[in-house]
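Both complexes shown next keep subunit A, but they swap its partner, so subunit B is in the first and subunit C is in the second.
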Partner chain A sequence: MKEFLLNIDRRIIFIFVALGVIIPALTSFNLPINPTPNVQSIYDTIEEVGAKNGTILISFDYGPGSFPEVQPMALAVLRHCFKRNVKVVGMCLWPQAVGLAQQALDTASKELDAEYGSDYVFLGFKTGFHSLVINMGHDFHGTFPQDSPGNNTTELPVTQNIKGLADFDYVLCLAAGNTPDGIWIPYGQERYKFKFGLGCTAVMAPDQFPYLQSGQMNGMMGGLAGAAEYETLVQASGTATEGMRPQSVVHLIIIAFIILGNVMYFLYGRQKGGAQ
Partner chain B sequence: MLFLRRTLPLIIAFVMGMIGILVFYIPHSGAQALEQELTKWDRIVAAFAMVLGIYSLMRLHWGRVRRQQAGWAYSFLVFVGFTVMFVLAIYNDGQGPLSPQVIDSGPFVWMFDNVQVPADATMFSILAFFIASAAYRTFRARTPEAAILLVSAIIVMIGRVPIGALISDWVPWLSQWLMAVPNLAAKRGILLGVSLGAVATALRIIFGIERSYLGGGEE
Partner chain C sequence: MSRDQIFFIVFLFIFATINIYLFGSGSLSADWSGLGTFIAAGITLSLYSFLYKDNPLFKFAENLYVGVAAAYTITQVWYNVLWVDVVDPLSELGSDESLGNLWLIVPTLLGFFMLTQLSSAKFSWLSRIAFAFVVGLGAGLAIPRTIAANLLAQIQPTMGPITADLAGFNLFIILVGVVTVLVYFFYSVEHTGPVGVASKIGIWFLMISFGASFGYTIMARLSLLIGRVGFLLEDWLVLPLPLF
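Then we have the complex of A and B:
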């Protein structure tokens, strides 16, 4: 038994994790989701933008691998924007994000009767990363003369008055890579001084705290928990809120295994050099 | 030949590097116009770099298939996947390659939504299983530093999910504090170090000290 607990087979751990995901996903129990100040700040900014009928730019910079974590953020933010009559311009710095962005825009616009062209516009993907952001800062219509379906951006109600990035009331980056701290902040926010917010994967979140403290970023949704907090704020429970049940249980399972591993290590493992 | 292979690229790197730095900081309209022009060039080069990337990927996997290296069947699947998606993109839901890409319906979108998205998301989610196993095996309080890291990790793990608030209101607060104070301090230090390193590397490239990008090593 001692040997077993000191070196638990990884397949047993996998079974525990699998059950920790499946059982809470199939059952229904509610957990309290309290929005953190960083998520609240994004919500409040979109409320402010809505009050003046403003426009926000959402940059979809993630791929299918981050879909379960970041897509709920996209949906919650879009629902919020369309409810508050915030005009939305969507774009992608990642080519894989085009299909995901289109999916989120379609879902939210159908639910809330948002109309293409007058409520939202999708620009699609263009190469260039930092160069694209610099070009957009100076000359929006020159950089994106047409939207994704091929309409002229100078003629669409949402984009016709946008001359550069500074004309957006808010820029929100939904990211799974280095686009917020590597591109949007140094080449966009720092130069054109727009309000900037971020929704990112949980693994990225710790890296972004310096930008929150410096004020270069006014809010952040980190991982599925951040998405669930936003869903709570907009009172539209979705996959992120549902995902909090399995995520909570799996975190507890991992912590239980860590504690067990340490207890066994201190009781028996130190003499043997620890578990293999 | 040496001029074309070494001297000319070094001159281009120096001139473009210096212009790139200067126009970024000079708010004069002439400098801004030049920056706009250069960034447009950069975007065109970036588009060609994508084509080069695809060529490089195909060449690598073609080599594996030709030599029938271990796992060559996976390399073959790269060609199958690429060809299918390329043909569907050209087909463009019946609109043809010259029309704007149809991104809300058709077989290309169907393949993306029903093959790539679930496959990619599954690959990523498998990490949870490996992290659980690795945490049990390696996360041991062998030293006081490791013990601090372990306790912090447990607090953040509980504090970042709703169950933390059920235990005590202090758990999410403490988790947030750990992220916003000690984590921030460490990250900022790392960030400053990395940024200084990036500046140094950029200057080494601009002044021709770092030449590995020319290929072929030192001559």
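Then we have the complex of A and C:
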């Protein structure tokens, strides 16, 4: 038994994790979700933008690999924007995000009767990363002369008065890579001084906290928990809120394994020069 | 027959049986949508089969993903960038109004120069011109902006006044963390005495930061698993969740 506990087969841990995900997914129990100040800040900013019928830019910078974490954020934010009459301009720095962004915009706009052109516009993907953001900063229509379906951006009600990035009341980046700290902050926010928020995968979140402290970002949603907090704020329970049950159970399982591993190591492992 | 081969055959049999039942009962519609769900479920299970061990199903799904992602990216770049920004404007060069687009020939040529790297040595030197342009532009843009956004803008709040409240306490911890981690990475002085103590505190800050990153990483990976399990239970097996 001692040997078994000192060298648990990783596949046994996988089985525990799988059960920890499947069983809570099949059952119904609710855990409290309390929005953190960083998520609340994004919500409050969108409320402010809504109060003055403003426009926000959402950059969809993620792919199918981070769909379960970031797509619920996109849906929750879009629902919030359309409810509060915030005009939305969507764009992608990642080519893989185009289909996902389109899906989120279609879903939210159908639910809340948002009209293309007057309530939201989708610009699609454009390459260039930093040069694209710099160009958008001083010549929005020159950078995106047409939207994704081929309409002139100078003629669409949502985009016709946008001359540069500073004309957006808020810029929100939904990211799974280095676009916030590698592109949007250095080449966009620092240069054109617009209000900037972030929704990102949990892996990225720890590296983004310094930008909150420096004020370069005013809010952040990190991972599935961040998405669930936003869903709570907009009172629209979705896949993120549902995912919090298995997430919490598996976290407890992993903590239990970490404690077990350390206890076994300190009791027996060190005597043998470490677990094998 | 080895144990792994038996597992492989049993897995395929169970997967086929479930799908025959789902299509037969009408739970999965016999159209492109149902076919898409069936393929997505198969690929998901194939990829997770790696948790048992490496196998042909995993390899197939992995390579399929790489191929599909590459093809999707190429189509997006072609229709959203090359067609709209290069082919379309250049094809209209004959008209008087489009003379302003003449400058597009320069970046287009540079783009073609990049491709010469794939050719023989006779032409591949042309790619150096394009790369020189990209490196020069990249460095010129990146250096000032990175210093401004990632260094100066970060130093400023770290050096703020430490007040006698919670915010001040947070700032004090950040200040201690920054200084001690910098001391840890300062190798020109031997880490003994006060420098050694500061260096050890720096190690603790680093360890806590690694722990936080690892915790967030676990959360991220679990979120992906939860998303896939949700897809398998709700979209593929069409279970009305929650069951209990």
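Convention: the second predicted complex is superposed on the first by the 276 of 276 C-alpha atoms of A that agree within 3 Å, B and C clash if a C-alpha of one lies under 4 Å from a C-alpha of the other, contacts with A are read in each partner's own complex, and residues count from 1 in each chain.
Methods note: a contact is a pair of C-beta atoms (placed from the backbone, for glycine too) under 8 Å apart; a residue touches a chain by one contact, two chains touch by 3 or more.
If you're wondering where the values come from, they're calculated on a predicted model, not measured in any experiment.
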Touched partner set for A:N135, first subunit B, second subunit C, both or neither: first
Contacts of A:E242 with subunit B and subunit C, given as first, second, both or neither: second
Touched partner set for A:L267, first subunit B, second subunit C, both or neither: neither
Which partner reaches more residues of subunit A (counting touched residues only), subunit B or subunit C: B
Touching partner for A:N34 - first (subunit B), second (subunit C), both, neither: first
Contacts of A:A25 with subunit B and subunit C, given as first, second, both or neither: second
Which superposed partner A:G223 touches (first subunit B, second subunit C, both, neither): both
First, second, both or neither for A:G215, with subunit B first and subunit C second: second
Contacts of A:F257 with subunit B and subunit C, given as first, second, both or neither: first
First, second, both or neither for A:Q103, with subunit B first and subunit C second: first
Contact residues common to both interfaces of subunit A (with subunit B and with subunit C): 14, 17-18, 21, 63, 65-68, 96, 98-99, 124, 126-127, 130-131, 134, 146, 148, 202, 205-207, 210, 213, 222-223, 225, 247, 250-251, 254
Interfacial residue positions of subunit C with respect to subunit A in the complex: 51-52, 69, 72-73, 76-77, 80-81, 84-85, 137-138, 141-142, 145-146, 148-150, 153-154, 156-157, 174, 209, 212-213, 216-220, 222-230, 233, 239, 241-244
Residues on subunit A engaged by subunit C in the complex (per definition of touch): 11, 14, 17-18, 21-22, 25-28, 63, 65-69, 95-96, 98-99, 124-127, 130-131, 134, 146, 148, 181, 185-187, 189-191, 201-203, 205-207, 210, 213-216, 222-225, 239, 242-243, 246-247, 250-251, 254
Subunit A-touching residues of subunit B, taken from the complex the two chains share: 32, 35-36, 39-40, 42-43, 46-47, 50, 99-101, 103-104, 109, 112-113, 116-121, 123-125, 128-129, 131-133, 135-137, 139-142, 150, 153-154, 157-158, 160-163, 165-166, 172, 176, 179-180, 183-184, 187-188, 191
Subunit B contact footprint on subunit A (complex, rising order): 8, 10, 13-14, 16-18, 21, 31-34, 36, 63-68, 96, 98-100, 102-103, 106, 124, 126-132, 134-135, 138-139, 146, 148-150, 202, 205-207, 209-210, 212-213, 222-223, 225, 228, 244, 247-255, 257-258, 260-262, 265-266, 269, 274-276
